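Read from first to last, the chains carry the letters A, B, C and D; within each, the first residue is number 1.
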Amino acid sequence: MGWFTKRHETAPKPESKEDIWIQCPACKAHIYKEEWEKSFKVCSQCSYHERMTWRERVDLLIDPKTFTELSAKVSFNDPLKFSDAKGSYAEKAAETRTKTGLNESIVTGYGKMGGIKVVVGVMDFRFLGGSLASGTGEKILQAALYALKQRWPFIIVSASGGARMHEGMVSLMQMPKTCAALAQLREAGLPYVSVMTDPTTGGVSASYAMVGDIHIAEPKALIGFAGRRVIEETIKQKLPDDFQTAEYLLEHGFVDMIVPRKDLKNTLTQLLKYYGRR
Amino acid sequence: MNLDFEKPVSEIEEAIADLKAKNPEPSADVKAELDKLEASRLASLKSVYASLTPWQMVQVARHPDRPLIRDFLAGLCSEFIELHGDRHFGDDQGMIGGFATLDGIRVMVIGHQKGRTLEDKIKCNFGQACPEGYRKALRLMKLAEKFHVPVIAFIDTPGAFPGKDAEERGQAEAIARNLLEMAVLKTPVIAIVTGEGGSGGAIGIGVGDVILMLSNAVYSVISPEGCASILWRDGTKAPEAANALKITAKSLLDLKIADEIVPEPVGGAHRDYPGTMAATRKVLVKHLKRLQGLSSKKLLKRRFDKYAAMGRFR
Amino acid sequence: MNLDFEKPVSEIEEAIADLKAKNPEPSADVKAELDKLEASRLASLKSVYASLTPWQMVQVARHPDRPLIRDFLAGLCSEFIELHGDRHFGDDQGMIGGFATLDGIRVMVIGHQKGRTLEDKIKCNFGQACPEGYRKALRLMKLAEKFHVPVIAFIDTPGAFPGKDAEERGQAEAIARNLLEMAVLKTPVIAIVTGEGGSGGAIGIGVGDVILMLSNAVYSVISPEGCASILWRDGTKAPEAANALKITAKSLLDLKIADEIVPEPVGGAHRDYPGTMAATRKVLVKHLKRLQGLSSKKLLKRRFDKYAAMGRFR
Amino acid sequence: MGWFTKRHETAPKPESKEDIWIQCPACKAHIYKEEWEKSFKVCSQCSYHERMTWRERVDLLIDPKTFTELSAKVSFNDPLKFSDAKGSYAEKAAETRTKTGLNESIVTGYGKMGGIKVVVGVMDFRFLGGSLASGTGEKILQAALYALKQRWPFIIVSASGGARMHEGMVSLMQMPKTCAALAQLREAGLPYVSVMTDPTTGGVSASYAMVGDIHIAEPKALIGFAGRRVIEETIKQKLPDDFQTAEYLLEHGFVDMIVPRKDLKNTLTQLLKYYGRR
């Protein structure tokens, strides 16, 4: 369960000196940067959904000026004092923190979505591939408990390659930890919606991302448990191109709906309006 | 079958075999020599096993003679009534379960089955369960809840089966569902890692009120080989990865993930089934009795607090 | 498409078409004649539909133009958010569902989908749901329970899909499970038979607090053809079987199985969608409002009593 | 969903004048009648399990002299005044009643099983193919409610071709009716064990037979929803010989265990001993 999931180059590189063009990582079309941003990083040519930062996602979903962050001080831990061939995990994580301004692979908070009070967790792939580690799990737990206390719906937008192996078993244990928090919401009858974006794999797909009351996926998002290479080695054959895409999961019964980014906020709001007796 | 790092022991065993072969009717002197060699064999075994590296423990945990779930059932339980099927799709042989009686205590046992013979291993996917295995386990856990009997989950798997069909039938969903349901299952759950605790495939039945590990068992977020090939870009660095990942019972006790270690006999569980069973029974019974005394409200609160605290370091 | 027994109507329609063809620019006389014919067409239609035999109703219920679930959704609901999948195996097109808003009331709609085009029909198995369809429906009903919205189940199926795979994936278990879970679902359920209520495939989503039937819908334990071929040993005796089986809305109202009949417009639902929708909406809204006023305890008691009384004649 | 399910000739015909031999309907071996009965109508040569009458089943499962019948007066109804080519249902049912001494296709009651108090329902195929009709449903409901009142476990031994079409929709409605009764047991936390014998098909398999806490099947019993002929017509191919056998269902996850008749009482008793806090 590594967090390494490549699809295309993650950050679109501006091609011209004027920085007014973006090249779509999928179809290579050149798109006006302004247009690219207005369409929430969705390619107007091939509708490729580029990964979003947590801030972009919050801006997409949460009514302006209503977002308050939770657990802002919870950061990554280094319980194993882990080092690999390339150096220490602590240093690498600290560097990432400096570079991204993120404390962990998720940002949680509350706010209004189309006027409805919600608690959200938004993963950010830039922080070590959005990997699930102790800080991630703790933030999700605290957010879920906050939703429980307020009796507000909870939404997690996943973007993760899976468990962060640098935290070893502590990372694996975030799977039952987060699910235990979600179980409290369920027992209290509170709604939890899981939004799966590219990628939602490994230990994240096998924990909080897959136990939503409603599962929404972004178009073509990679969603699955085991890695494609591992599966191909196991079954000794090539997998179809659309294997583990959002569309594939819809067909196999694990996703309620695939929603293009421009409709996401509206769809979520419409759905939550069906939740009665708040 | 001796492992590579057991070479000192193997050498003494060869000397013993040699001496025995040369002296079909051993004299008193030869007998004394044999006794000496046997004592030194034991001392060597003890010394080797006293300082196993994490990677060596991986070898022991995967040893072909290591006791498997059916060995534990035979060695620990006076009765086992196997139940089958997930009521949706199939009956996964990689995950078995049923009612069992342990020291007079009625329990529900679930666990990975690796299989002993090659034929069995293939049937069981080498202990890699499919979604229907996790769903069977959940069905049996719910049955245990209804029947008011505790659950013992025997964990021994390289991981959940990474097959195309398994993905299509929702490997991720099946494991995730179990994590959520086990968190609020109203009956005691004891998870015991007897061999390999392989990542999501292990935790999928591993949400216990107590997590036990045999002393040479390992439990890891990723296989050392897998980790090495990703982080070291070199699969042969598995020993380094095994070290860095902190996968041994001792490390996990320190990390407050394992609650107690079941001591294996000298030379590992595979060298002494009765000794392994006696040690396992003792620890299981102790925890069963303790957990059965708790109200279900208290039980669930403790379970939640336990998992909420995982990885909370400040 | 007119049915065989609509011959008197067809003849008048032919006369109308004939007259129109012969008089591209009709005179006052011809216009009067056309008006007369139209009146007589309506009278004939009314008279034919006033005395339909059960077997004729089967033909109407199966009419290719009969409104299907998506027509009801479009005609009744201001919003429909379709949800997919059983979270275990697949997304059965033969059974659809999702949140919908009907006259400002938020509900969960589930129901069989027969499909309109041949391509659709094949995708939907001609409205014969598979186990994953029943499981999807159950999942959505549980979601409705959690969200505190009532369920409306639109029933229109020849029966559950009788395929090898469907059997292997537990057609019987899926239907049985729904019967049990629906009996204790803590939210109002309205079942409405809009076309064919085909046996186990229909009841698998049909455990309503209220069972409604469109006036030409039929609901039967076995298809008339199937019954005829077993009990009459002659499939052509379907009309006799249809008669004996008491499958019409009126018969089922008398047997206290149907609670209310939704009157279809003259000539059947397929001749007048807006009229059908208006009649259906009126009855649905009335029952929704009534049921939403009940506590869940009272609701479940009433539901239990309703089914406990089924077939109790002494 | 008819109740016509043929496998072999139902009643073994004694072959010799002395009536001391039984010919096994499956393997055609001649077995001493005494041996046949001692082995509970299981062939010693091929282990074929002949269908049992309700009385034989009660003798097999319930401790001697502990069985008390429930709802003995509930009999068949004729809500449709049904007649077919061969005459009226009422006459046919009355004839069957006279011939078998049965009021309906099930006998319910309570007693002790290995010392454990239980409520049982035992279907009898001789009564119109064990078909599910209003009388059957009412008896099951009353038995379930009795189990609920006493807080005893409930066991149903099914043997049925499905719903009785002569009672039309009234028969179909026995499916939700019986399941509603079982739902009450579940809500009260009481165990319900379903024993499926040859045949358990149609509306019976799709209702009370398939929602047990534990599912036990007799060897080679036919268990399934749709009929073999109908399925073959649908899929346009021959089905495997073992299709819809107990063994097939075990493999596909719908049966917990296949138990030979001689072990049935012991297995049931052992299982119910695991039910705590009675």
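Everything below uses one rule, namely that a contact is a pair of C-beta atoms (placed from the backbone, for glycine too) under 8 Å apart; a residue touches a chain by one contact, two chains touch by 3 or more.
Given the structure is predicted, the values throughout are model-derived calculations rather than measurements.
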Joint neighbours of chain B and chain A, given as chain labels: C
Quick check: how many Å separate the C-alpha centres of chain B and chain C? 55
Give, as an integer number of Å, the spacing between the C-alpha centres of chain D and chain B. 42
Averaged over CA atoms, how far is the centre of chain A from the centre of chain D? Could you give it in whole Å? 52
Which positions in chain C touch two or more other chains at once? 87-89, 169-170, 173
Note the residues in chain A that touch 2 or more other chains, in rising order. 252-254
Strictly by the criterion at the top, what is the full list of touching chain pairs? A-B, A-C, B-C, B-D, C-D
Residues of chain B touching chain D in their complex? 79, 81-91, 99, 106, 132, 136, 143, 146-149
Touching chain C in the complex, chain A uses residues 189, 191, 213-215, 250-257, 267, 270-271, 273-277
Show which residues of chain B lie in contact with chain A when the two form their complex. 160-164, 166-173, 175-177, 179-184, 199-200, 203-204, 206-207, 219-222, 226-227, 230-234, 237, 240-241, 244-247, 252, 255, 257, 303-304, 307-308, 310-313
Note which residues of chain B are touching chain C in the complex, please. 87-89, 131, 135, 169-170, 173
Complex contacts: residues of chain D adjacent to chain C: 1-2, 4, 77, 79-80, 82-86, 133-135, 137-138, 141, 163, 165, 167-177, 179-184, 186-187, 202-203, 205-211, 223-227, 230-231, 234-235, 239, 243-244, 252-254
